[in-house]
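Two complexes are shown next, each including subunit A; its partner changes from subunit B in the first to subunit C in the second.
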Partner chain A sequence: MAIEEIFTEPAVEQPEPQPEGRRRRIVVLSVAITLIALLVALTTWYLRTGKPLSQLPGLGQNGQPPHYLFSVYGVNKPLGVAVSPDGDRIYVSESTGDRVVKVFDRTGAAKGTLKPPADSGTNHAPVYIAVNPRTQDVYVSDRTTAAIYVYGRDGAYRRTFRPKGDLGAQWAPLGVAFDSYGRLYVTDVRSTGAHRLLVLTPDGALERSVGESAGLTFPNGVAVDSRGVVSVADSNNSRVLMFDRDGKPGGRLVSESGDTALGIPRGVAVDDSNRLYVVDLANHAVRIYKIADAVTGTPQYMASFGTEGTGDGAFEYPNGVAADSRARLYITDRENNRLQVWSY
Partner chain B sequence: MRKLAYVVGISLAMFAVGSGPAWADNGPHRPQVSSSNLAGGNFAADNCASCHRAHTAQASYLLKQAQPDLCYSCHGAGAPGSNTDVYNGQGVDTASTSGWSGLRGGGFVKAAIDSANAKRTAAVGTTPATKTVPTLATSATTTSSHSVDGTLVTAWGGGATGTVGNQVSLRCGSCHDPHGNGNYRILRPIPQEAAVATGSTGVTIPDTTTTKVYTTANYWTSDDLSLPAIQGKDMNGVPLVDRTGKPVMGTAFTANIAGWCTQCHTRYLAPTGSYQNARASSTGTGTDPMFTYQHRSDAGATDKPNCITCHVAHGSNASMGPNSQQVAFPDGVAGGTDSKLLRVDSRGTCVMCHSK
Partner chain C sequence: MLRMTPNRGKRPPSDRALRIAVRVAVGVLVLGSVAFGTTYYFGQRTDGGPTLVQRQVSAAEQQVRAKPNNLSARLALAQAYQAAKRPGDAVSQYDEILKAVPDSRAALLGKASVLLGKDDLSGASALYRKVTGMSVKGEFAGADPQLQEAHYFLALIDSKQGKAQEAITEAQASLKIEPTDSDAWYVLGSAQILAGQAQQGVISLRRALMFVPTGWCDPYVELGKAFQKLNKPEEVEYAGAMVDFCQKRTGQAQQRLQKLVSGPAAVDAELGLGTIAETGGRTDEAISWYRKAITADPTNPTAIQTLSRLGIAPTTPAGQAAGAAGSSVTGS
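Moving on to the complex of A and B:
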């Protein structure tokens, strides 16, 4: 009986799923979906920007300086540097040796040279370089011929850029940069009259002359941020001046002490994370600033990198700087005869 | 009303003077050089820190870095901070030239002297003789230059009788005063390392020119005629007279440059005559077994020779032919291809004046 009872005992019913377990599965599923979405977003962001994860919006503004990647050798006392928007072409001007602009790809492999036309003479001194964001043409200022030579992305000489009218009769173009509309900004270190910043339309018409009353003295590098604010390295006055899109004076960076000291500022660049880079030749360093929210505001110091020397990451009289869209920085290291590549 | 006009006029004049960017020969690094910079806050910009460090300097004179690289940052290839490229011997003064031209003093690494194409034409009737040394289409490597990296070199003819010269260590700042002193080309009245008498005030070359010209299209034209006429001085600042007792006159440059150069090359100063017995001192008449005879070198008139007539200050790319290569240095070492700062190939410099 006892055995029968045992065998006829009704089967135990399966318990109903508890609400707590269901919630757990939902949470796990949600997290998984979120992670997958995040992964897809990250992958998409990375494929689109090519930037390291440290540059995710919200993470890259923590004031950390970039780190040294590698150097490109084979350039004689380089001064200027520019990079194509996609980072595939790097242009570096040599001030001695062949005195041409050398072209490299993103790995540092040589891809050719940019040479002025034969009828422009044999004596050239390329200094600063800018890439037109609209056409990809490369603009190179030449100190000895007081000219700006224009080359295609393929390296072929296209034309010599001249301002309209008699503006170019005694100009001495040095620093060059473009804004997003294709306007060309040129620092003019002419011998007659005050040094200044010229804003030129793509066809060479003068749109504005800026800074003539500011006492600019051998202004070198120039950069334009996304709002149209122009930063000019007023080199021999040890300062960087900002002007708004109408040419009105804005913020200014002046020499202080320690890490924020500006000895002889030369090249300047702005990246797409609103960071302003200033090469300080005398201090063998690059200063990094956060662009102010207000158009007329002064950029906030963030960090510096570089020290004097010949080893990796050390500089001997750096001069030019360029930033690409992949959070890479390119700095000409003049007396070390190399181009340094840094990244976040 | 008149006072107001004066005030406005003076203000405008000061503005005009101060608005020019050219630092010229009052020194590029002196903050008070320009009224516009005073107004622009150049003191706040603190230019001192561009080149100097009080406690962490890496070179003498509390310089952040050693010369000449520090100087080349502005005055080197590409001249991004000045109008003079002393590395390549080129000037990019757009006020005097369209584009570039040869730097009058040549360059330390390259120079643009067309030393192979010097020309001289004889005077015909009222047409004066012409002498030209053109500039090159591009700079060529120098074959001689003054040292600027501190290397120990010999200042030929310097120092005591019986020696070939003092050992000196030259840098850019040995001859030039970067802070400005009112002298022509900011030359120091006494070059550092110069062997001058104690108490000497040196040789000044006053510069009152407002338009500075650093370039030339004719390397034989060494004078700067825009300078005022003065009487020349020797390396001790003593006024020079010629054989007849007349003062040696000329522009500030030609009258005094020989006195200036011979503060280092002391026994090269020959104040009278075409050929002069060498002297044991600047004022004595004794003989010097080493530099017994020498070419006159201090004539102030623009048509008479001076140190700078035959030689450039920075460096020359002139070539030396086989015979000229046989000319040894005073210490007997073969000269070889060294052009000895001459402006013309081989000894073409001689023929520019002497029709032999």
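Moving on to the complex of A and C:
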């Protein structure tokens, strides 16, 4: 091959730079536009839910337990906890000290207290708390006065919730929860008659009494999922029972051993990803279950978190649990005098 | 080449627009990502503040500052330092208490536990012996938890130092006060094996495992050593399988145990398979294995205790039927 040919031939065969650069720019532009679209979708999802990225649809249901975030101190032997749906207000009941309900914001800064009316006496024992999703009013069960006190979102006492008829003279309300229609579910640990779950309309009329034949023994926490299925912690029977919206028995969680043991289930909560949380007081842990597709199905065990101790993320006799719409969990850690906040 | 030459110095407008569009898109993407990252960070960020232990230390320090001569406050501070993993500060506080009250058992035990944590075995041993020396003839020595603690840790230290006979004596003294202390049974069993008493060692280790059958590998490892000394290969295999189970190799453990259910280690293997099934939430299967074990060995304490715990009466077929009914009440 002649020297001239060596130097001239490649110049003739070299591809045109302009179309190739154009193609490259089109590819880059397409990728960038796709990524911008994804970023917009991600930002919209985040601004709407406030959830961590681990809860992106398709990622958050993999059975991974949540992780410890921080603790809120300054509560005396806390029992119950409730949170406004957006997580802006956290309510925690104290079982010693002032025995009031303390209010915190999402960072754990104290915002005030909920105090029963003066004419209700001085001996109070607030236990479980629920926030009415329709009015944002806060309902607090009181063990010693056998009453449910209602407070506004601003913390002001509004009224004492009383069931209609003579029911209020016999009941001993403990666990409280609302469904999306504003119906109030109350576990009744009355001293005369079988323990039961009461379903009350917003104006206090008894809609249904459930579980009297199920042998409930000191039912504590109660939670209602998006389908209207009610989960009740049947504490002294070491189990959680489910009832459908008509009060018919459905699934049940019974105590197994190891990670699925249920010593003394107390607080229960359901989040908007259909995860059921059960606080096991005796095992110092929180069990997580995936709610079954069938209304009568038994939730499937997913994971547990918590061990006994005083360190961050360890519990000493946890009792109450609440979940907000930002995938945060709030657990009262009674003997460590704190509220723990966990997230995914 | 010639046909492209006219375009070289003059790009078509669409090409320029494309170039600008790419730059804008990349810029939007970068800025958007930064904005999202910042929003996400501040939205998810939490400031936990001091931990519970740090708070306890601060509170105890305040108490001691307010009342320096209050020994209870100083003891609380020493314990808080210990919990906060500040052994030097903890020892200083225990020493302050011991200066004022040389026989303070709480301070002696506290300081001994710090020294033990620092592997100062002889220093810790001297303090524990001081506690046993001053308490062993006390009115409530038979039910004295501090004395039991001292005996237990002396057994542990003696065992670590290879003083098998002394360790046995101390562990037995500890168990006399608290017979259900699985840790003390374990230390006793290990010391007995060390002293050449393998058969007694097996009995002690089985006691330890009766109280804590899962999640604790050490007793199974020691059991394996004891069976080796007793020349019992099937039992060695059983202990090895249980170590597998303990170390989360459950399938392997089950396979090894299944091979043993017809040999001399059958009862152990059945109890092991029962434990694995129970831990996996298969209560009915677990009960079935425990029943097989108790049929083969009606006086086996582990089988009796385990079935009783599950609400099953282990003695007669009638009792078994009643037990099964009982188990259904609890939903098993």
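In this section, the second predicted complex is superposed on the first by the 315 of 344 C-alpha atoms of A that agree within 3 Å, B and C clash if a C-alpha of one lies under 4 Å from a C-alpha of the other, contacts with A are read in each partner's own complex, and residues count from 1 in each chain.
Here is the rule we use: a residue touches a chain if its C-beta (ideal position, glycine included) is under 8 Å from a C-beta of that chain, and two chains touch if they have at least 3 such contacts.
None of these values were measured; they are calculated from a predicted model.
Contacts of A:Thr260 after superposition: subunit C is touched, whereas subunit B is not reached.
By the touch criterion defined above, A:Leu174 lies against subunit B but remains apart from subunit C after alignment on the C-alpha atoms of chain A.
Once the two complexes are overlaid on the shared chain, A:Gly50 sits against subunit C while remaining clear of subunit B. After overlaying the two complexes on the shared chain, residue contacts for A:Arg239 are found with subunit B and with subunit C alike. In the superposition on chain A, A:Arg338 makes contact with subunit C only, not with subunit B.
Legend: residue contacts after superposition of the two complexes on their common chain; A:Leu29 is shown touching subunit C, with no touch to subunit B.
Once the two complexes are overlaid on the shared chain, A:Leu42 sits against subunit C while remaining clear of subunit B. When both complexes are overlaid on chain A, the residue A:Pro85 reaches neither subunit B nor subunit C. For the contact definition in use here, the residues of subunit A common to its subunit B contact set and its subunit C contact set are 237-239, 254-255, 257.
Interface residues of subunit C facing subunit A in the complex, by the touch rule stated above, are 1, 4, 7, 11, 15, 18-19, 21-22, 25-26, 28-29, 32-33, 36, 39-40, 43-44, 46-49, 51-53, 55, 83, 214, 278-281, 283, 330-332.
Those residues of subunit B whose C-beta lies close enough to touch subunit A in the complex are 18-23, 28, 34, 36-37, 39-42, 44-47, 49-51, 58, 64-65, 69-70, 73-74, 76-83, 85, 87-88, 90, 92-96, 98-100, 109, 112, 137-139.
The touching residues of subunit A, counted against subunit B in their complex, run 77, 79, 93, 95-96, 99, 121-123, 125-127, 143-147, 170-172, 174, 189-195, 212, 214-218, 220, 235-239, 254-255, 257, 261, 263-264, 266, 281-283, 308, 316-317, 319, 334-335. Subunit A meets subunit C in the complex at residues 11-12, 16, 18, 22, 25-26, 28-29, 32-33, 35-36, 39-40, 42-43, 46-47, 50, 52-53, 69-71, 73, 107-108, 237-239, 252, 254-258, 260, 301, 310-312, 336, 338, 341, 343.
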